[in-house]
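Shared chain: chain A. Partners: chain B in the first complex, chain C in the second.
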Partner chain A sequence: MANVETLVIDCLDKPTRDINNLIRQAADDGVPAVEILNTRARHNIGVGILKPIHLIYRGHVGYYTVGLCDGVTAEIHGSSGWGVGDNLLAGEVVVEGNAASSAAPSIRGGSIVVKGNAGPRAGIYLKSGDLTVGGDAGYMSGFMMQNGRMIVCGNAAKGLGDSMYQGQIWLGGKAEEMGSGVTEADAEPGELDAVLETLERHQIKAPKAFRKLQSDRSLWNFNKHDFAAWKDAL
Partner chain B sequence: MSSAFERPPAYSGIWHPDAIEEIQEKAELGRYQIRGQATKRHNLPSFDDLVFTPAGLSRMPLEGYRERCDTEVVIGEGRVSRPLVLERPIMIAGMSFGALSVNAKRALGIAATRCGISTCTGEGGMHPEEREHSSKLVMQYLPSRYGMNPYDLKKADMIEIGAGQGAKPGTGGVLLGLKMSEEVAKMRDLPMGVDQRSGCRHPDWMGADDLYMKLEQIREVTNYEVPISIKVGAARIANDVRIACKADVDAIVFDGMEGGTAASPTIQLDHAGIPTIAAIAEAVEALHDMGKQDEIKLIVGGGIKNGADAAKAIALGADVVYLGTAPIIALNCHAPIYIEDYERLGTTPYECQHCHTGLCPVGITTQLPKLMARLDVDEAADRVTNFLNAMTMEIQLFARSCGKNKVADLDPNDMRSLTQDVAMMTGIPMVGLNGRQPWWTKF
Partner chain C sequence: MCGVGGIFFKSAEHGQKTGEIAYRILDGIFRRGPDSTGVALWHANAAGLLYVGVNCETPGGGAMILEALDRLGTVEQATDGDGFVRAAIQYDGSEADLVDAIDALDPGISVGSVGRHLEVLKHMGGVANLDAAFDLKSYDGRLAMGLTRYATESRIDFTNAQPLTARATSDLAIVHNGHITNYHHLRASYALKGYEFSTQNDSEVIPIMLIDEMSNGASFEEALHISVEKLDGCFTYIAVTDDRFALVKDAYAAKPTVVAEDDDFVAMSSDPQSLREGVLSDIDVWEPGAGEVHVWQM
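Up next, the complex of A and B:
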């Protein structure tokens, strides 16, 4: 496959294991890109890929697409199921449609971009890297975020950033209810420009203004005088 | 001199000194109490309520100290390309780097390797020293995903999806900030000094259907080479078994309420989950109901302290026993050395449950270099090896005495119950009845 510019894989008659093996083999052979057809919301297509390759998904994808990968870039021309980009170490995943629950869970690097809306728990346990949501984000998004940056251009449902340890959430719309231990902070020089540059690069319309949210560190250590926050911590 | 007519204590049975002390401590702290080790309950049904009924005239024993008695267990045989072969029906349970010092991890790894059994990473990622010293290493895949990455998953010999633990079922791990070192913080992507309360629910799956897909993902990443188990705190056993079977795991781990911990809310240790012996009985029945008893291995842990407990668990239907606290004690936990440091913690050897403080007097549950240095890795590894060898011989003694040349052939008919509670729970007949119903049930 060494001379192939783009390998085409039709998922229609192939088991998941064969599809992933073909992608891994292509990455081993230095094939730059794989176009994946008839995805039909299949789960676990393109997981455990540890060499750089570009994946083009033509259609909706199911759970854990580009999960547990390192150095992979992907464009998903449809919507994604749960856990898109799960535990990504490096690379970039762009979802042209919406993402179901738990987009970018516990990613440790790289970037996940959801151009539409993201379901509940987007950016949960985010450890590093970026999650960008062009639309709204569901409840408990950014829950227990450990670091990294989450951009939500639209509104966020209840519990945004609850119990986050570190990192930043940039919110363009309104939060139905802020999570425990979250506070608004002033942007440092250059931070907003970096957010806007990310949106521009992905042709996502920026909202009129952003609020920067971060941990107030009140939940880092137990404080008996701040019982209300602990009692309601999700 | 004690008298047969000693006056009963003057304090109330409800407002016992322990209850008073607990209330006053909460009044001071403003939070629930946290401690290590395990439940303090003394009244749980236990393996001590069962006895073996070895061979006599009706069945021939094997020569107790000589004849071969096979102890091997294979997890994932015929299901994955690299099944986990255990030379003994024992695994070292998941205990994190963070909860334990790296020296403790090294020593456990060396001992387990000598004995042909596995250790387990616990939460917090795979420490390179642990991988180096453990020839068979299980990697836990936990809700927090601390230190998780596909490279380490590929290095593991089995993956254990953690969905709870016996000491605090339905609750995540606790690692207090005062116990965190820079290395622990870095491996977990956490800031130094935070009181870490891990998530208890996985971020990207919820129910039975999701779990099946999560298993498929991990099998894809590990190329279907190694077995996958799921560990649950023993509570809603039958339904949990059904879901695990649907997800097509290679093994199910039930951790009874006697299970150990380095830090847990005290109230949960004593009031959540069900005892190990009850968990086995329910799990075995559920596996039979699903027709999976020959395919899916049953691993059980929680309070197993010697070969008798292990042999009884196996006779009830478990394939492997999980040991956590026992090998920690073999390392030197509770050893009557450095007495002044126990006293400084307000405790004594044998009573110490201060793993959560990080000030372990014997250097096991600490990250402080000065205390860690107190655990000599080679000596500690020898002690654990000796303990595991002794325990294996004890298991074999019971198997041979019941006429079995394989430990796995021990079965419920090899035992009788000493108490009605355990007879009802396990279905093992009461002693003295020869399997009959009591005479009075006829009337």
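Up next, the complex of A and C:
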């Protein structure tokens, strides 16, 4: 949390580029944390930060918050717009509210936690790392997921995990409709404990049970005899 | 891209001015659509006026339009916005006849909208131009929903600017962000049924489709659901009638829109920042999901 060493940046009247340069400079100077005020759903705040630093967003944020970052940790005291944590390499982002479309797109590592609901395409193209959603996930969440782990404590809309290659989706509620090429699998020893530990660490109430979903590999190779399945896959 | 957004007040008595909020919301989504800006306004219309908006691609055609309107009825208020004429007239005849009479004036002149409660205003460029021409900020009625246009498939001019209506059928206007990919097929089928298209804009098929479905017995809400099934492509559109308005999203949720609602108002915008700048509050917003239809009664 904020302490005396925290740099405070007020976004009012500051261009986005200046805000990001201030954060980058703070990271270079070894400042442990930056508190960001008056975010007012501004886009691209805290983008391209490649050195460890802790970001505290006081309010709602816009698109691509904590995008293209490495080793950054962040707490967002509000809701986020599209693409929160885009392409994160390592670190942790916690959204206290809801996240709009495409939360944690293409992340290659680290962890993104959305305590509320996530919009459509949450965890799209997840390459590694963790996406945890405390509430529901929208349409086509986990689309073309390539690796990593997605936890959805609530329900998922249509197309969950459509065309996923690898990785796991842990679903607490119901899926309105499963995506193409997704199947239910048995949990390996310790996997469920790790899921529950993640939820506990973020004080997210765990659902009664989880189902583990993964790719059935039917879309890995094209087979003309399975044309119907391909036609169905988006 | 394009941006859609606007504000609805639940009561005629409200704090901030409707036009000023709509101005800020549309200004906030200017970069999503710098080509033209338009807005649909709702009027209580105690005086029984007819609100007419006329596209005028012919330079200097405004005088001709106003003269014709005065011949058809009595012009109570009018502004020649140099490309788009707004007028409020006393008129008791058929709205279809009025549309035909104005359209016949010149090939560059066409009626954009007629309404007993809805008025459409359009201008090129950003909302500042719209305000300079028609004083949007002074509007203080209950609803203003608009669009900033990034033209893709049709000309950047007043005729193809939005909001779009089904013209002679008054009091239905839409603003649409997206692209209707089966537009040509749909347009051909509605043209065969006798519907007249006045623009080359793919979005025009939306009000025509809604009118057609409602004339087949569907309620407004049912027609909106049918449109989600029948329209291909990506879309978020706002439809406004004399007593309702709705937000409709395609089956893929491909276009962003956020909504904020409290005891006093419903605000929406393609961009959360524009919405919050519009209502001057860090209000919580939510994003409707894929294929969802949300209707509000005025």
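As a convention for this text, the second predicted complex is superposed on the first by the 230 of 234 C-alpha atoms of A that agree within 3 Å, B and C clash if a C-alpha of one lies under 4 Å from a C-alpha of the other, contacts with A are read in each partner's own complex, and residues count from 1 in each chain.
Rule of thumb we're sticking to: a contact is a pair of C-beta atoms (placed from the backbone, for glycine too) under 8 Å apart; a residue touches a chain by one contact, two chains touch by 3 or more.
Quick caveat: nothing in here was measured; it's all calculated off a predicted structure.
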item	value
Touched partner set for A:221, first chain B, second chain C, both or neither	first
Which superposed partner A:40 touches (first chain B, second chain C, both, neither)	second
Which superposed partner A:82 touches (first chain B, second chain C, both, neither)	both
Broader residue contact with chain A after superposition on the shared chain, chain B or chain C	B
Contacts of A:160 with chain B and chain C, given as first, second, both or neither	neither
Partner chain in contact with A:127 - chain B first, chain C second, else both or neither	first
Partner chain in contact with A:119 - chain B first, chain C second, else both or neither	second
First, second, both or neither for A:105, with chain B first and chain C second	first
Common ground on chain A, meaning residues reached by chain C in one complex and by chain B in the other	43, 62, 82, 101, 121
List of chain A residues in touch with chain B within their complex	16-17, 20, 43-44, 47-48, 50, 62-64, 67-70, 82-83, 86-87, 89, 101-102, 105-106, 108, 121, 124-125, 127-128, 143-144, 146-147, 165-166, 220-222, 224-225, 227, 230
Complex contacts: residues of chain A adjacent to chain C	40-43, 59-60, 62, 78-79, 81-82, 97-98, 100-101, 119-121, 138-140, 157-158
Complex contact set, residues of chain C against chain A	251-253, 256, 258, 271-273, 275-277, 282, 284-287, 289-291
Chain A contact footprint on chain B (complex, rising order)	29-31, 144-145, 148-151, 153, 177, 189-191, 193-195, 199, 203-205, 210, 213-214, 216-217, 220-224
